[in-house]
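Next up: the structures, one after another.
One chain, chain A, links the two complexes that follow: it is found with chain B in the first and with chain C in the second.
Here is the complex of A and B:
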């Protein structure tokens, strides 16, 4: 009975793991890079060189909101949603967002806060580190992407549980590593990495699902609250009642005086303004206070940064939540804690590094698992797919190379794209991400055309070169370089480049290892190639 | 059971298990979240949230069960019986709640 259970779990771990491993690798790698999305954005926008942007005065903030309102009224006078992101020390531009309908995608523009002109070339227009975060939770594919990531996360939980069942000697496994023993070494590495990071992996997977709990598991809200999410969340968050559309045209109030009243009410500087149902009688405007990371770094249950809600037609105050307060009951506090755990909103840089290391260990665990599957079968085909087996193995090998080496290449190339793409092209931020995906697609093509071991070596070699050359390309394109960043104490810029170089060295070490093993590998490839041709 | 069920287990039984895991497991987790929300002592929105937080563990456990069960039919029964039971009890509690 026990033996049979272990066997079925071994089967589930192997196959469930395999079919989800590539997407999970992408989620883990980009999520781990996303831990440092702010320093990456800092590097990409050359903020270290520009220096800190001077904070705006209250009058300048009010003027910016006025400029944004004028722009948005011309662009989207009946939008379901407007968002105005005020300039801050990280970004000098005024950011405006809008969405025509609830289902339509968000539009975004950067404006000059003084005159409202679209400011393409004045600052490097880039998604920065946010690109990795978006890739991580929605694969840049909106709600469909969120669902795919959710399914993969459930598969991750299943793989973790079945993996524990399979490894009966979990603690001995952790202390066992037999290097240079081929398949044994891959297995030992996979086990050690998995066991080492097991609590982290459970935590990060489960809390990841919890962020989108209402999307993934809406049954409770449907059955117990008639599926009315708006009023459900108003009750859960102890906020004001939702304001449904009235379909009566009404003129929007001036937003800048409301912003100033909001700042006075919450006694904090505003950072973001949201207008909903523009042009309708039900329109409302919410002023959000600026987030204070230092005040929150030792807390797991995040507190409000303060916000004030006004009727956007007559300007009446609807609701004010002061900064540093918490609304909602204990269960909501649990959910918020889980969010904070996932987003590593606590503990400052030491905790971020711990997450980064655990995340990379998890990423490496996924890679070793995928590689182990093929290493086992290169030696001796398990013949799972009958006559199609060699072709399926080839497909798995190609996907392994593309998902692991190819995505690593595309991720570091994204930094190069940021530096090499001209500053004045239209939709520059979008182009950067498109080039990232085009490069990733090219690595798939490359992996499909080259013999497996050559594909691994070539893609890893390019990744290593791009990682090690990052300070150089920055120097050549912007005139800023590592030593000046270090000299001015710009740890974010220097940190990005030094970390990239560490990855470059890791890739070099892997390459050295692969080159040593290559001779007998090529023989095996030949036999695999003949097997494929024969099939 | 063989260590490589794809070889020996009929393909249909494997597909049946995969459907049971993905859809049956999800349905069981959904019913569980409704059922538990009736039992939790919190106010309604919090009870629903709390129950749903647990339901992802149930989904994971259901998938494990489906592949551990001796046969596809047993796997389905193991989902359907607790699912139907929790569904019926939830309906009864909903009815009792709205009657008072």
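Here is the complex of A and C:
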């Protein structure tokens, strides 16, 4: 019985793991890079070179809002949504957004905060590190992507539990890694990486699921609120009721005094102003506070920046939520804490580095698992698919190369794309991400055309070169480079380049290992051939 | 306790704990010190290892409190164990010396 249980767990771990491993690798790699999304954005927007943008005074903020309101009133006087992003240390321009109807896409412009004239981007137009975060939780595919990621996360939890059952010798082999022993080494590595980071892997997978609980477990909202999430959250958060359109024309209140009142109410600087149902009697304006990375960073709580809601016609206060408060009772408080755990919104850089190291170990665990599957079968086919077995193996090998080496290549290439793409092309930020996916697709093509070992070596070699050359391309394209970043104490810019170089060295080490192995394999094949000829 | 200092300190306490626990096992004792550990030495190594793990947890609670402390503890132990496990087969002697060298290099700058 016990043996059969372990066998079925082994089957589950092998196949359940295999079919999800490629997508899980993508989720883990981009999520781990996403830990440092801010430094990556900082590097991509060349903020180190530009230097800090001076924060605005309260008067300047009020003036900016006035300027934005004037502009938006001219452009979209009856829009469903207005958004005003105040200048901050990352963006010196005033950002305005609007959309006419709920379904129509957002329009966006950058304005000069002093006079309201449209201006070009003051920096490189890029998604920066957010690209990795979006890839991580929704694969750039919206709600469908969130569901796919959720399914993969459940598969991850299943693989963790079944992996523990299959492992048998967790404690005897706790410190064991035997290199240069082929299949044995891959298994040792896979086990060590998984076992040693097990607490992290369970935590990050489980909390990842909890973030989207309202999407993944919609039954309650369906039953009690007819599937209307907005009314559900209004009830849960004890917030004000939703304000439906009244279709009565009404004149919008001046926004800048409301912004100042909002700042006073939440005791924080404003960072964003949202107006809904412009021109209608139901119009409301919400003032969002600026995120303060240092406030409460030593507590494991859901941190928020606070916001204040006003009637946008008569200026009455509707609701005020102070920063770092949670509504919705214990359940939501616990959920916010789990979010904080997942997003590592506590403890500053030491914690971020621990998440990065554990995340990369998890990523490597997934890669070793996928490779181990093929290493086992390269030696001796298990014939799971009858006559189609060689073709299925070939497919798995191609997907392994693309998902592991190919995605690593595309990720580092994204940094190069950011530097090489001309600054003045339209929709630059979107183009960057498109090029990232095109490159990834090309690695699939390459893996399909080349023999497996060559495909691994070539894609890893390109990744290594791109990683090691990152400071160089930055120097050539922007004139800024590692030593000047270090000299001005810009640890974010220098950190991105140094970390990329460390990965370059890791890729080089893997390449050396693969090259050393290759002649051996050829010799073995040669001696086998002579043996057969001799017989 | 300064959190950067605590990060390094707990890392090396965790590293020492895992080194002791690994040396209590025949395979790794042979790797680093040759031969099998006697039963007395084995017991001492085990007790030391577990005591250091507990000390690491207490240090984390002092630096980060009992909410974030255990998260830091798990994370630092994972990092320390990964370092030890992948160093042992390549440089077993160095892996053992690191328990002295590491803290000597990493900790004094905090007192300057």
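The rule we apply is simple: the second predicted complex is superposed on the first by the 449 of 535 C-alpha atoms of A that agree within 3 Å, B and C clash if a C-alpha of one lies under 4 Å from a C-alpha of the other, contacts with A are read in each partner's own complex, and residues count from 1 in each chain.
Note that contacts are C-beta pairs under 8 Å (C-beta built on N, C-alpha and C of every residue); 3 or more make two chains touch, one makes a residue touch a chain.
Everything quoted here is computed from the prediction, not taken from an experiment.
A.B. asks: Using the overlay on chain A, decide if chain B and chain C clash or can fit next to each other.
C.D. replies: fit
A.B. asks: Please work out whether A:5 is in contact with chain B alone, chain C alone, both, or neither, and reply first, second, both or neither.
C.D. replies: It touches chain B, and chain C stays clear.
A.B. asks: Considering only the touch criterion stated at the top, classify A:335 as touching first (chain B), second (chain C), both, or neither.
C.D. replies: First partner only, chain B.
A.B. asks: Going by the contact rule set out at the top, does A:300 touch chain B (first), chain C (second), both, or neither?
C.D. replies: A:300 contacts chain C only, not chain B.
A.B. asks: For A:200 in the superposed arrangement: first (chain B), second (chain C), both or neither?
C.D. replies: second
A.B. asks: Looking at A:517, would you say it contacts chain B, chain C, both, or neither? Reply first, second, both or neither.
C.D. replies: After superposing on A, A:517 lies clear of both chain B and chain C.
A.B. asks: Applying the touch criterion given at the start, work out whether A:391 contacts chain B, chain C, both or neither, answering first, second, both or neither.
C.D. replies: A:391 contacts neither chain B nor chain C.
A.B. asks: Quick one: name whichever of chain B and chain C touches more residues of chain A.
C.D. replies: Counted on chain A, the partner with more touching residues turns out to be B.
A.B. asks: Which of the two partners, first being chain B and second being chain C, lies in contact with A:154: first, second, both, or neither?
C.D. replies: In the superposed model, A:154 contacts chain B only, not chain C.
A.B. asks: Quick check for you: in the superposed arrangement, does A:232 touch first (chain B), second (chain C), both or neither?
C.D. replies: In the superposed model, A:232 contacts chain B only, not chain C.
A.B. asks: Minimum C-alpha distance between chain B and chain C after superposition, to be given in whole Å.
C.D. replies: After superposing on chain A, chain B and chain C come no closer than 20 Å at C-alpha.
A.B. asks: Within their complex, state which residues of chain A touch chain C.
C.D. replies: 172, 174-179, 192-193, 196-197, 199-200, 203, 298-300, 341, 346-348, 350-351, 354-355, 357-358, 361
A.B. asks: Over in the complex, which chain B residues touch chain A? Could you list them?
C.D. replies: 1-7, 29-31, 33-34, 37, 40, 42-53, 55-57, 59-60, 63-64, 67-68, 70, 90, 94
A.B. asks: Inside the complex, what are the residues of chain C that reach chain A?
C.D. replies: By the definition above, chain C touches chain A via 3-4, 7, 18, 21-22, 25, 27-28, 64-65, 67-68, 71-72, 74-76, 78-79, 81-82, 84-86, 88-90.
A.B. asks: Enumerate the contact residues on chain A facing chain B in the complex.
C.D. replies: By the definition above, chain A touches chain B via 4-5, 7-12, 15, 154, 157-158, 161-162, 206, 209-210, 213-214, 216-217, 219-221, 223-225, 232-233, 235-236, 328-332, 334-335, 338, 382, 384.
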